[in-house]
Every structure is written in structure tokens, then in C-alpha cells.
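The letters A, B, C and D name the chains in turn, as written, and every chain counts its residues from 1.
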Amino acid sequence: MIIIMERDATAENIKAVTDLLNEHEFRVIVHEGDVHTVIDALGDKTTLSPNRIDAMDGVMKIKFIREPFRLASRDRKSDDTVIEFSNGVKVGGANRPVFMVGPCSVEEDYDGLLEVATAAKELGCQFLRGGAFKPRTSPYDFDGLGEKALKYLAQAREATGLLVVTELMDVEDLDLVCDYADVIQVGARNMQNFRLLKAVGKCNKPVVLKRGPASTIREFLLAAEHILYNGNEQVILCERGLKSFDNAFTRNLMDIAAVPVIKKLSHLPIIVDPSHGTGQRYLIEPMAKAGLVVGADGVMVEVHHNPATALSDGKQSLSIPQFREVFTKLNKMIDTLHLERSMAIPNVE
Amino acid sequence: MIIIMERDATAENIKAVTDLLNEHEFRVIVHEGDVHTVIDALGDKTTLSPNRIDAMDGVMKIKFIREPFRLASRDRKSDDTVIEFSNGVKVGGANRPVFMVGPCSVEEDYDGLLEVATAAKELGCQFLRGGAFKPRTSPYDFDGLGEKALKYLAQAREATGLLVVTELMDVEDLDLVCDYADVIQVGARNMQNFRLLKAVGKCNKPVVLKRGPASTIREFLLAAEHILYNGNEQVILCERGLKSFDNAFTRNLMDIAAVPVIKKLSHLPIIVDPSHGTGQRYLIEPMAKAGLVVGADGVMVEVHHNPATALSDGKQSLSIPQFREVFTKLNKMIDTLHLERSMAIPNVE
Amino acid sequence: MIIIMERDATAENIKAVTDLLNEHEFRVIVHEGDVHTVIDALGDKTTLSPNRIDAMDGVMKIKFIREPFRLASRDRKSDDTVIEFSNGVKVGGANRPVFMVGPCSVEEDYDGLLEVATAAKELGCQFLRGGAFKPRTSPYDFDGLGEKALKYLAQAREATGLLVVTELMDVEDLDLVCDYADVIQVGARNMQNFRLLKAVGKCNKPVVLKRGPASTIREFLLAAEHILYNGNEQVILCERGLKSFDNAFTRNLMDIAAVPVIKKLSHLPIIVDPSHGTGQRYLIEPMAKAGLVVGADGVMVEVHHNPATALSDGKQSLSIPQFREVFTKLNKMIDTLHLERSMAIPNVE
Amino acid sequence: MIIIMERDATAENIKAVTDLLNEHEFRVIVHEGDVHTVIDALGDKTTLSPNRIDAMDGVMKIKFIREPFRLASRDRKSDDTVIEFSNGVKVGGANRPVFMVGPCSVEEDYDGLLEVATAAKELGCQFLRGGAFKPRTSPYDFDGLGEKALKYLAQAREATGLLVVTELMDVEDLDLVCDYADVIQVGARNMQNFRLLKAVGKCNKPVVLKRGPASTIREFLLAAEHILYNGNEQVILCERGLKSFDNAFTRNLMDIAAVPVIKKLSHLPIIVDPSHGTGQRYLIEPMAKAGLVVGADGVMVEVHHNPATALSDGKQSLSIPQFREVFTKLNKMIDTLHLERSMAIPNVE
């Protein structure tokens, strides 16, 4: 790290900093500039936190050379992480993009869920998604069926062979959700619920980690780092739109560039969710395409057997016939561009 | 609510919407405009969710007349909520602003904590704050001493008579935290951790609810609504800075106007936290003043017995002598402006 | 428009509003709700500005049914606007996406400019871009060669047949720029320089209007409206990235969804600029692709004969060989997806 | 500056950078780190732009030690700049905060303007503000009376002795505006209209420079730098609110902390504009107070003789009696806190 001292830092201030660095066996070089003294320090930041130096008298700011996420970084692991499921499905690397499809919330009508799952399976999708526990901005909204929903999802898996993705909202539900799900989702609002990250980091299931609506890419990868650090390397990142000053026509602002940026910084797979990312049915197809051409490893889409009666997110859900049409186009585009797929990996430095 | 239909909505689309509204006993008026048909609907949204209408064919958008938070609203309760503690301390209404003071995290050195608490008590502060469980963006940072920290806080309360405020990060720690704390804090990153909101809503302790770094005022009051809805009316809101495109000189962007805006919308007390709000020691004094003159019911400040050795947030912590100086000035300003205090309540419509 | 009165609005307040509306021959319907009175008003807003009503006593807020841009709206003109040049090049509608290519600033070395233009022409690009007048955040940066640059551009047009695009920064340069350029660019920082918009609205040249870095889509289309309103219908919109809270890895945040959103709202063509949109060379290819698959009518790319010596924006410029590689891939993708091009136009409502 | 090379930068890349730096007589130190090579370079950036180095092969990023604004910086001039007018009014430094008061736009009714000016003068305000040329987001809104408005302002100055502040929108109006105004305002949307900045930099009138709604503090001070660099040192900065993701209850988000931050970075005076900053009449008083207690050198307020008939910004304008009430309170607060005024200057580092 590079420590920039205040204009008026005293010789004592500088000495206090270098003494502390030396004590922790950092390699230290001091440059006296015309205005600021700059201290270059190389050493093990797990033994001496930069925050501690930052708080010392006379320190103006600290600049970092390396990114703070280590396990998630391509610096540590240059090959793409590929997540494999028992039925042979693979996510990440050079594998064909996957589709995670289903209603926002699982509802009382099991037949509706099964209808969606059957259609998704027939088209060639790999995952059934659906919420059992729903985070709701208002306490007056429907917040999910809980275990009954998990049972429905498992039943639909039995019937179709799709893998099940569902959100975990609370550490205390971890065992329950693990009993039913193939992939645990950590929702955008919980991206910095560190207890939850720690808990899913200790279990042995793949995790879909959604980017928080106001999270930087660095914070996003640090959230993944929490999971990796606790022992679970099976993390699938998901870009789902950011909060912006313009929400007149879309619910969120999708950061499509985050896909190639993260591919460069990290080895983890990343998918896109244009349903939440835009909140508009008509934008799902174009934004799924945008995600796919920049290298996304999959797409998550909300599909409901009857969006007009959906208890949540109906506005951004596709009906089954609509999804069939969209999927067919996306699939054709994936086929057509197949040979060029590697071009999505940035090669112009 | 007002339902605006798409330009090309059919007579069937319109009929489907009005039928559903009638079925749920809404009062319905239809206006056929030159371009859009507009439907005015008045009824009980707990029996028919607007989201369901929003997803119907031909519906362009829905506009709301009333705010979605009901219990937190001044429409329901025009008098300020005042929260009283057993030792006579009161927060909110016409009461003198309170001070919540202490280190970011409670650390191994109990004597340091006691030193801060003793100084705070002597100056006239009412609350000791300190983290036992710390949310950390990176897994490599110090994450708190847990129960030991709670014990230290309780011990310092014994010694000084200050009330204890500490953050709850996980539902499973609720009983533990309730055993030691006088006020439970819900942190900014957990503002939309709805399980946590529900849990603190069911307990009988005052809650400090911090505004999420990218939360709108409406989302903030809806988060409070979750707590109120679950039975706990003792909520103290806390503005602590928003994420912005400019973080070169401050860690966050404090939304000072949120204080009078929320005073107008809600009866709940609101305090400000200039330590997190700016991340800069030298801004604590001016931004605390700014919060106080616009009507804040209190100030939360990070104070550490030796900021240069603090395990977290040292950069934004005041030392004890610095806090003494700042507090003295703030206190004097409160005294000086005392008779004018009511002017902070907006009276120019 | 729909006028929502304050909770405590008096009968006099309501009467004053309806009287004024009636005086201006609006159709008026008053609904007395449980809490708020709501007034529905239909009439000609050019004779009575909503701002005037908004300022009346007792008025809480006004909600609008129709968008404020009229000439730019698809409501007025459902067919795509196509801009045709004398050499047969067409922008917009079902036409093949165009490429606008060249250095950020035109520099002293004319041969370098010619080299870029020749390569661009050979590949099949249609436009040469280059700045003569440069807006610079700092007064210490290079701000363009002025008329000499315009002459160089015209000379390169002679040599290659490419059309010339260059930025106008000041009304007083209008005639000068019109003498040399085929397309006038209004830069992002000038998107709300209304004098400039008025001036280009009165001239007879196509305009590339860049979206301001913090402009909403509504403000963007209102800026275009200024040009159309002054008589010039040849407006090409350009999405070039928004300012965001995360600029660690990209200079701006490209709003790819803006392309299909604007296609739905407006008949004007829209192109994307991934060079400014990301500020990173390696992101030009993926983000150009993302723009193209969601329906962009063209791509603007910074290309320099020697990026390492460029006086501005070298970091985000491609060298000629790099551009050749990127262009070849983009072109191939356009060919491959050609038959499917219409799919970019959203058809799932 | 500190140049951080890519992980995979070659020895040739590093040599090319150091050769160029040496050629321009920079002092160069190279550190080979475990992952990245870091080059420390000290020299004259006006002879070698950092952008040029940033574009070289193998360069990852550049970090700067010093701020890019030089003339506006306290590093160059530690004393506060004080702007003096011929009638003895002074802005900045230890002088009492000034008030700039008047309608958003000057309208046909001269008597109304005079009424506002007379009231302002009687209360003790120093400046009359009013727009002659109005920037309007929509072409359908009132855009000012032009020269007639300037004449009205000059006439009101004659009658009252107030100094006149009015906005310049276009370089071609500079002489005209200079003929009538005492202070030229550069509006928020023109903060990066560099031609305008250059022009006002060359004239001999004080300038109020408003912060762009999405400008960082660094960009704001660089805009001021353009004026200073062109020879005009009489710049008064004005904070007037930022665009944010939450505009449900306020038009903009006032960055109150910008006042003390800028006081630390720069010697220029800074005022606040709570009318535009919030867009809400009832927030003018509290937010003016907030600005004043953190050290603002003045307040700009929109006052109209009849807000309900104002052609622009009526919603955020005070009537004359409302302003009288607000001003009296603000004035009393300034008096009461007078002795403590210096406390607004941050002294806790």
C-alpha cells in the first residue's frame, strides 16, 4: 500500500507510521515530496490492518495496489471456476449458458408451478427458480409460503428433473432450504448480510449471490470472498440491476459491463437477471441478449403461468407462451454465435 | 390509486381491470382521455394488491395518492413519538437532543471503553454505543468480540449509568443482545433484512434503525413500518449518509434534508450519525450542528480512547479530548438556540 | 394531469385551482377522497403551465399521464426516423448499423488522421469522427486545434469519402463547424446547453446528441425536443455512459437498456459509444455488441493511429490493428444475426 | 504521480514508461513488487500529461498525490478570498453571511420585482437575484424576458441599492449581461460549459458558479479553476443540490458537507441555495440554517411577490411575508451564534 501523509505531517508523525510498519515487518520506502511525504509499504495486511494506519495522526490517505478480494481473484486462480451438478449440468467456463426459470414466488397453485417447470424442461432449461421466503419492502405484501413452497419445488423437480434454486433469507432456515434446494440464492438485499454469507460459506451447496442494488463491483466480489473464505467455492454471481436516478421507465439500471469486468477480475461464473434488472417484460429479451453477448454464463428469468394473477412481480414476469418465444430467440442466438463464443472474453488490452 | 392504461389498451383490458376492482369492492371511476384511459380506484389494498393490477394486460402504470407506510405516518398519529427509558431519558418530541457515544467496536481493552464511557457521562451524554458483532465488507477485517463485548458494555453501564446501544446482526443473537442492551441497533446494511426487522418488531426494546446507504426515504419508513407492524412502536430512525458518485473527500453523502422531510412525514424520532455519514473526523462537528439545527433528536458519534489503535473506523473516531471539545460546542449551540428549538419544525407550507 | 391536494387543503384552495383550470378551458373532475382531494384536469398545457398550479396553496403534487416530449415521441410519429446523407448512407430504421470512427481529438499529425480514416473506409465504416474543440474538465489539458482540425477532417473526407462528425461547443462556432462537418455533435456536458440546442435546431445538418452523464431518459428526450422544436428533425441520439457510484473499473456506467426503452418511446435513431461509455479499451468490443443486439443504429468508437501518444483519451482508444480486429468481429455478428435484426424491436408487451 | 503497471507488463513496457518520464525530466523511482511494478514519478505535468502515460502499453492505472486544481487550492493561498463590492459589501472570510434574494425569473410585472427588492433591502439583504435568460428542460416552458429583464433588475438596483446577480447562458450575451449585472451567475447545467467559463474568466465581474447536479467536488473546483486560470479570481461557489436516486420528496439532495469540505480544500467563498437544493418551500428555512452553521458565506433564496402566479419555480419560492419570517429567524441565528462563528471552521484534524 501507499501511504500519503498530510501536507503538515510532522517528522514524529512519519516516524510513528514507519515504526509501526517496521514492527510488523513491512518493507518500507519513504519519499519526501515537495508537498506530501509518501510511504511505500509492502507486507502482510492480515497482521496489520491498513485502517489502523489510516487513523494515525498526519496520515491523509492510503492507496492500494492490489484488490482486497484474494480468493475470488484471477490473480490466485486464472482458470474459470466451473460448477458441476450431479445430473451433469455445468455452469461457467466454456459451457453453454444456462437458464434459471420460474415464478418470483411459489404460490398455492402447484399445477401452475408444474406447468412452468414442464415447459422450461421441454425447452431445454436447467433450473427451476421460485421463492419460498420473500423479502418485501412493505410489510403488507405477500411474503412467501415457506416450507410448503420448498415442498412444491422439490415435487416439481421430481416431475421434471430440473434443479431447484431458491432464496435463503435467514440463517435459521439454512438446514431446511438445504434439504430441498440444489442451489441456494442470496438475495440482493442480503448481499452484505455477513452472517448469511458465512453460513452459506460453510455449507456444501452452490450459491447464487445477487449483486446489491447499490453495491460496487469491489463490494460484490468481497461478498463472494466471504463465502469462499468460509470454505465454499461454488459461487455463481448474478447481476440484477442497480438503483439509479432514473427509474421512470425501468425499475433498475442493468450494469451489463459488469459481466466482462468481473470476468477479467475473477474466475467465478456470472449470470444476468433481466427480470429484476429492468422490471419490464418487454426488456427481458433484449437485455438477456446483451448479457449473453458480453459473456454471461446464464440467464435468470421470471416466468409465471398467469402473470396477471401473480402475487408478486407480475409486471416483470413472462407468461409461458411469451417465454417460449423469447427462449427460442435467445437459444437461436446462442447457437448462431456459438463458434464465436470465445470472443466474449476480452482479448484487447 | 390511479391506474393509467396503455395507449393501445382494449375495451376488454379495461373491463378486466374494472371487474377485478369491483369484485374487491373498490370505488371505481373511469376517464377516457384522448390518449390514455385512466381509472381511479379507492378501496382496501390489503385485499387486492396493486401489483396484481399492475401486471394485467393493457396496464401502463399505477400512481399512488397515499404513502404506503401507515403506522409510521403522521396521517395516523400527528403527535411526535417520545421514547422513555427507565432512568428518565427521553428521545423525541420537544426533548433536548440526546448523545450516543462510544467506539465503533468494543475491543479487548475494557479500561479504554470505561474511559470513554466515564468522559461521556461526565459531559452529560445519555447513551454508550459500541459494536459486539460487526458487519465487515471484507472477511479479513475484525468482526467483533461477541458476547464478551456485550458484557463489557453492561459493566460500563453499571459503572456510569449510561444506557447501552449495540447492533444486532442476526435473529439468533436476539435474546443475547436483549439481555445486555437497552437499545438494539439495526445497521444500515441490514435495513432491509426483513427477518431481523420482524424479530426486533416482536421484542420489547427500543430500536435504532439506520438508513441503508442507498435507501429512499420511502423505503426507510417502510423498514420502520415492518417493526411497528410487528408490535414495537419504539423506533428511533438514524440518518447516516448515502452512497454517492463522489467519495473522494467523504465516505458517504449525508442527507441532512431527510431530517425535516421525515419530521413532516412521520411521528418517529430521528437522529444523525456524522461519523459514518462523513467518515472524516473534522466533519463530525459541523455535520452534527447541521443535523441539530434542522431538528434531529440526537447525535451518534464514534469516540475511541486511542483512535490510532482502533481496530475499526479509527479515521472517523474522535479521541476523548477531541470529543470533549466538540461536545462542548454542540451543547452550547443547543443551549443558545434552545428557545428557538421549535423553529426547526417546518411551519412554512 | 392529476392534481393531488394536501390533506389539509381548504375548500378555498380547491376552488382556486378549479377556477384557474376552468378559466383556461380544462375539463375538470374533482374526487373527494378520504384523505386527499384529487383533481383530474385535461387541457392544453401550453396555455396553463402545470408549474403554476403546483405552486398554488394546498397543492401537494401533480402527476402526469403523458410524456412532456411531443415531437420526439412515437405517439406523434410511429415510424422510425431515418436520416439520409447525400452519399446514400442512412441511419435509423431497418438500416444496417453505422460506424463513426476516429480519434478523440484531431492532432497536428495529419498523416495519422488519414491513416485512421483510410483504414476505417476500407473496413466499411461510414463516418470519421474527431474533435476540433474539446471540452476539458481541467484547464491544463489539451483543448483542440480549432479550425485547423476542421480543415484536416475535411481533407480526410476528400481523400476517403467518409462523412465527418465533429463537436460544436459554442454557438459562435456554428457557421464554421457547418462549413466543414456533415454531422454536428452536441457533447454530453452540453446536453442541457439550451442555446446550443436552439442553434443546431435552426440549422440544416444532422445532429448527434450525446446523453448527459447524469441525465434521465426523459431529460435526454426533452433535449432532443429542443432541437426538433426549432425545426431540425435530423437527430441521432447517443448513449455514452452515466456517472455512477462505482468508477473503480470503468469511467462510466453504460445504460444499455436505454436503447430499447428509447426505441419504444421515440422514433429517433440511437447509437452507442462504448469508448466513453466504459473508458476501457478491452470493453469496447463487448459493449458495442451489447448495444447492437438490443437494437442500436450505430456505434461510435475512438481509434487513434498511436494511442500511446494521443493527447486525449488514449486509454480508451483502439489502435488501427485493434480496431480492425474488433470491427471484423462486430461486422460478422451483424451479418450472422442479420435476419433476426427485427427481433431487437421489443414485441413482448 | 504513482504509475501502477499491469501484472503482465513486460520489461519493455516499463522501460518505455521510464524513458518517456526521463525525457521530460521527471524524478523516477521504480519499485518491483511481488505482483505489480510501481513507478513513482515527480515532475511538471504541464509538459507531460498523465493521460499520455495512462495510454501506454502495460500501464494499469495512475494514482495522484496532489489535487489537479492549483489556483483554487488552499495549498497555493491559505487565506480566505474575500470579494468586495464598491458599496462596501464583502463576501467570504470572516464576513457576515450575505443574502441573495429574488424571483427565479424576472417577469413582466416590474412592480412585483420592486416589491421583493424593497422588502429584501429593508430586511438587510445585499443582493437581488433574478433570471433574464432561463435554461429550461422543456422547450415549452417560459425562458425569460432577456434584455427587458436586465433593465428591470438595473431599475430595481437604482431604487434599492441592492447589487444585481443574474445568469449568463451564452458567451454572446456576455457584454449585455456585464452592462447590467454586478455579479454574473453560471448555472448548474453550464458548470462544464468551458467556453462560458473561459469568457467569464476574462471579464472583470464577480461570478457565482453553481455546482452541477452530478458534479463531484473535484470537478466543481476544476470548473472554478477554469475561471481563475483565465484571470478572474472573484469566484463565489454555490452548492444547490445533487441529483439522487430519491426525488420523491425533494427535487435535489443538498450536499451540506460540501461546504466544510470545500472550505478545507479551497480559499474561495461558498454559499448555499436551499430553494433549488430542495425544491420545497418548507425546507428553505431548515436547510439555510444547516448551510450557515457549517460555514456558508451566504444564502441564495427564491422569493416571489406572488408564488402562485410565478412563471417558474413557484413551488420552491417564498412569498414576501414568508421570506420576512424566515429571514428574521436566520438573522437571529446568525446573531446568536456570531461569537462562535469561527467554530464553523473545522479545527479537529
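Note that a residue touches a chain if its C-beta (ideal position, glycine included) is under 8 Å from a C-beta of that chain, and two chains touch if they have at least 3 such contacts.
Quick caveat: nothing in here was measured; it's all calculated off a predicted structure.
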{"item": "Of A-C and B-C, pair with higher C-beta contact tally", "value": "A-C"}
{"item": "Centroid comparison with chain A (C-alpha atoms), farthest chain", "value": "D"}
{"item": "Approximate Å spacing (C-alpha centroids) for the pair chain C, chain D", "value": "27"}
{"item": "Centroid spacing, where centroids are CA-atom means, of chain B and chain C in whole angstrom", "value": "39"}
{"item": "Distance from the mean Cα position of chain C to that of chain A, given in whole angstrom", "value": "31"}
{"item": "Chain C residues counted as touching two or more neighbouring chains", "value": "57, 214, 243-245, 349"}
{"item": "Residue ranges of chain C touching chain A (in the complex, touch as defined)", "value": "214-218, 242, 244-246, 248-250, 253-257, 259-261, 264-265, 277-278, 281-287, 289-291, 293-295, 318, 322, 325-326, 329, 332-333, 336-337, 340, 343-344, 346-349"}
{"item": "Complex contact set, residues of chain D against chain C", "value": "16, 45-46, 49, 51-52, 54-57, 68-69, 135-143, 169-172, 189-190, 192-195, 213-214, 219, 222, 225-226, 229-230, 243, 307-315, 317"}
{"item": "In the complex with chain B, residue positions of chain C that touch it", "value": "2, 4, 6-7, 29, 31, 33-36, 38, 40, 42, 57, 63, 65-66, 75, 214, 243-245, 247, 349"}
